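Next come two complexes, and both contain chain A; in the first it sits with chain B, in the second with chain C.
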Partner chain A sequence: MSKPITDTSANSGTAWFFIKLSLLIFWLGNMAVMLTQVSPAALLPVGFNKLVHLSFLFTTPGKVSIAILLFTLSMLYLLEKSMRYVLIGQFLLSVIIISQHESSGMFHHATVFSPLFAVQAIAYWQSHRNHEFNLAHFRTQYSIQIIAATYTLAGISKLTASGLDWVNSGNYFALQVIKNYSFIYFGEGDKQALSQGYAIAGSMFQHAHLIQLLLAGSLFLELFCFTALISHRVRVLYAIALVAMHTGILIVMGIPFGVIAPVMIIFFLNPLFFIATCAVKVRSFILKSI
Partner chain B sequence: MIYRKEFTGKILKVVLTLSIVVWLLLQAYNFFNTVGFFFVSSHSQITAWYPNTHWLIFIALILYFPLTYATWLLAIVHFRFPDKSWYYWPLLILQSALVIWLQYQYGFYAVSAFALLFTLPLVTGRIINFSRKTIHSAYHFANGKFIGSIFLFIIYIILCALLPRTHPFAKYTMFNHFGKETHMYEVRDINGHLIPLRQYSVFFNDELFAYEEAAIKNYIHGNNDTVSHMPDYLLGAEMCRYFISNLKPGPFPFDSVKLYRVSFTLENNKTVMHEKLLGTYQAK
Partner chain C sequence: MRSFFSATFLGVIYLAASLLIGEQHPFTLVPMYNSFQNYAYSFYLSDSTGTLIPFTRHFDCHNDYLSHIYGSVCDKNNIRHGNQIETDEQLKLIGKSMMEELNKHQRSLLPTGIIQLHRVCYFAQGGSMKENDKMMYEQTNY
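The block that comes next holds the complex of A and B.
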């Protein structure tokens, strides 16, 4: 019989378990996709692959070994065993797989996984050295810092590349919309996608001021994402705003939620934990009523 | 408990020492392959080969290894100044500044990435293992409500700014600039019908972009940097060949394929599509 959820605070062991569970499912799924896509050849070596060639790891036997390792580390992570070493292993595996994938010319935008495991490892090592260290708080808080940094970096990148004028580039933004839909057309042969792209681009020209406002909003959200570090309440509000932003991108540009958005949802909102606590409360309410 | 602490400390020292040895080997490999001649030549010889080389760069490259080695000695072996941790910091700052400057001048991404990545464990190791006083202050620093809550955020942003395209650091440049023109690749059969990339090929448009970049780089390098771009007909032939050699297993019912560059531009608030034939490939 499963244990009932007694501690419903955001830093409780149960909350951490649900964060780990959600992150693992998502991490394993992404790693599996990247492993199946990646080939031993690195067209444009980037990062780690510039220095060390690990193409042998991406042959069929190599991929099988990586898959076994991924699964083993995931089980240990979920069971909270040897966390300091398991997290370092997860970090290294993520670095190797993502580097090889990016070196093949594919941009899965999964960068955030590696630093997430790295900072969690830092928290566990700190806790091992200092028993007064608040591990329950910092193992999630460190991860939240990395997610906030990712959004802030995206905002800074927009400012450095285009300046504040980025919000006025709505018409050229329409070209990007066409490009994304033509990506589907040239890849899958879906002619409707191209027509949809043209239709959305046309409506963007008609509502230039609205697009300007939305672009300004998203830039503001990204740049000030560090405010999500202030408190749990601010974080929840921020998460809702960011989900709205990603939904807008999905509708307008046809770009589905990538890696960063679900990771942000997991750490900012912890939806599985929220569902579980709601279920417990509903259950106790029903039992009391009876 | 005491035994466990000492044991862990020893393992950490061994791991850090091995890391630094590996790092030095990798750096040596890189340096001697690229700018090894800086160590065996005079400044006048260097300026003859590279006319714009400032003497400061020359000095920096010569100082790079000794500084790294000195930092390693102080951080890992720690036999000279056991109680004076401040001796270590100026060297570390100087080394980091040198690394950043060399990267700025020469773009040694890999070397700089590894230098900084291994410098960080050194600092951590230094803080955690070798000075009780620093341990105390480090934990106070990390446990402080404000600093602890934003420290990694700042560090990650700084590292990403210094080491773009060096995973796990990135500048997150997606949609940071909207160009006046954007292009894609399209494959058609001899009758002009679209061949969906994913139906027959193992890759997406992304890989074609990557291959375009790689092919152009290779062409320019092959011509000893005497050309600035690759002619379209050569690029097209090369990319067609790449497409054909990466087909999915199974039948490919086309005698020949044509590769087009499709660009989108903005004219009078309307998007206009232009197609340009880059190359043709006889499949059978």
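The block that comes next holds the complex of A and C.
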């Protein structure tokens, strides 16, 4: 029989279990997609692949070995076994797979997985060295710092590449919109997507000021993402704003939620834990009513 | 102040390291959409009559794959690219390499006959959007 959820705080062991479960499902799914897409030959070696040639890992036997290792590490991670070493393993596997994938000319934008496991490993090693270290707090908090840093980097990147003028690029933004919708048409043959793209891009040309406002809002959210670290309440509000931003990007540009958005939702909102807690409360309410 | 430092220091270190090192995994500058160019390229496959061949039905890749490998192939061959500055000869060379890369991900056979690789350039002109379709490369599929 499963253990009832008694501690509903954000740092409880149960909350951490649901974060790990959500992250694992998402991580394994992404690693599996990348693993099936990569080949041993790299088009243009980038990142880790510039330093070490690990193409043998992406032959069929190599891929099977990686898949077994991914599954084994995932089980140990979920069961909270040998975490200091397991997390280093997950970090290294993420680095190797993502580097090979990017070297093949494909960009899954899954970078955030590697530093996430690295900082969780740091938390577990700190706890091993210092028994007074608040592991329950920092294994999640360090991860949230990495997510906030990634959003802030996105904002800084926009400012360094385009300056504040980035918010005035509505017409050029419309070109990106039609490009993204044309990808769907050219790749999948969905003619309706192309028509939708033309309609959205056309209205963006017409409503330049509204687009300017939305771009400014999203730039602000990205740049000040570290404010999400102030408190749990601020983090929840920030997550809702970021979800609204990503939903807007999905509707306007046809770009689905990438990797960073679901990871942010997992760590900022922990939806599986929220659902489980609600289910327990509803159950106890029903039992009391009876 | 101290508590804010301890609440952010790893994130700040990662941010600073990424800014220093640049786009080298596991560091990143998150460059997606950091600047909007005055043009946008998209790519497609067609038969000799120009009828679209949706490539994700034949190759195991995302629908933005051709766009990504276009940049990688240009970089690898030191070809300056963007806003239709590439010559026909360069486009032919790039197209050949792109098809070779695409073929590594083949899932099902393409139709027999001529297969063309096209580049569409979208650009803004006079407050509206224009587009220019260019056939880069063609090969015969037996």
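By our rule, the second predicted complex is superposed on the first by the 290 of 290 C-alpha atoms of A that agree within 3 Å, B and C clash if a C-alpha of one lies under 4 Å from a C-alpha of the other, contacts with A are read in each partner's own complex, and residues count from 1 in each chain.
Everything below uses one rule, namely that a contact is a pair of C-beta atoms (placed from the backbone, for glycine too) under 8 Å apart; a residue touches a chain by one contact, two chains touch by 3 or more.
Because the structure is predicted, anything quoted here is derived from the model rather than measured.
Undergrad: Put the two structures on top of each other at chain A: do chain B and chain C fit, or clash?
TA: clash
Undergrad: Kindly classify A:203 by the partners it touches after superposition: chain B alone (first), chain C alone (second), both, or neither?
TA: Touch status of A:203: no partner.
Undergrad: Kindly classify A:36 by the partners it touches after superposition: chain B alone (first), chain C alone (second), both, or neither?
TA: Touch partner of A:36: chain C, not chain B.
Undergrad: Where does A:12 make contact in the superposed view: on chain B (first), on chain C (second), on both, or on neither?
TA: It touches nothing on chain B or chain C.
Undergrad: Which partner chains sit in contact with A:146 here, chain B, chain C, both or neither? Use first/second/both/neither.
TA: both
Undergrad: Could you look at A:158 and tell me whether it touches chain B, chain C, both or neither (first, second, both, neither)?
TA: Both partners, chain B and chain C.
Undergrad: Looking at A:212, would you say it contacts chain B, chain C, both, or neither? Reply first, second, both or neither.
TA: A:212: touches no partner chain.
Undergrad: Now for A:55: first (chain B), second (chain C), both, or neither, which partner does it touch?
TA: After superposing on A, A:55 lies clear of both chain B and chain C.
Undergrad: Please write out, lowest number first, the residues of chain A touched by both chain B and chain C across the two complexes.
TA: In chain A, positions 39, 43-44, 46-48, 50, 91, 94-95, 98-99, 102, 105-107, 109, 111, 114-115, 118-119, 122, 141-142, 145-146, 148-150, 152-154, 156-158, 160-162, 166, 169, 171-176, 178-179, 182-183, 185-189, 201, 205, 226, 229 sit in both the chain B and chain C interfaces.
Undergrad: Can you tell me which positions in chain B touch chain A when the two form their complex?
TA: 26, 30, 109-110, 113-114, 128, 135, 139, 142-143, 148-153, 156-157, 160-161, 165-182, 184-187, 194, 196-199, 202-207, 209-211, 213-214, 262, 264-266, 269-271, 273
Undergrad: In the complex, go through chain C and note every residue touching chain A.
TA: Chain C reaches chain A through residues 7-12, 14-15, 18-19, 23-45, 52, 54-57, 60-69, 71-73, 75-76, 101, 104-105, 120, 122-124, 127-129.
Undergrad: Can you list the chain A residues touching chain B in their complex?
TA: 39, 43-44, 46-48, 50-52, 91, 94-95, 98-99, 102, 104-107, 109, 111, 114-115, 118-119, 122, 125-126, 129-130, 132-134, 138, 141-142, 145-146, 148-150, 152-154, 156-158, 160-162, 166, 169, 171-176, 178-179, 182-183, 185-189, 198, 201, 205, 226, 229
Undergrad: Provide the residue numbers of chain A that touch chain C in the complex, in ascending order.
TA: Per the stated touch rule, the residues are 36-37, 39, 41, 43-44, 46-48, 50, 91, 94-95, 98-99, 102, 105-107, 109, 111, 114-115, 118-119, 122, 141-142, 145-146, 148-154, 156-158, 160-162, 166, 169, 171-176, 178-180, 182-189, 201-202, 205, 226, 229.
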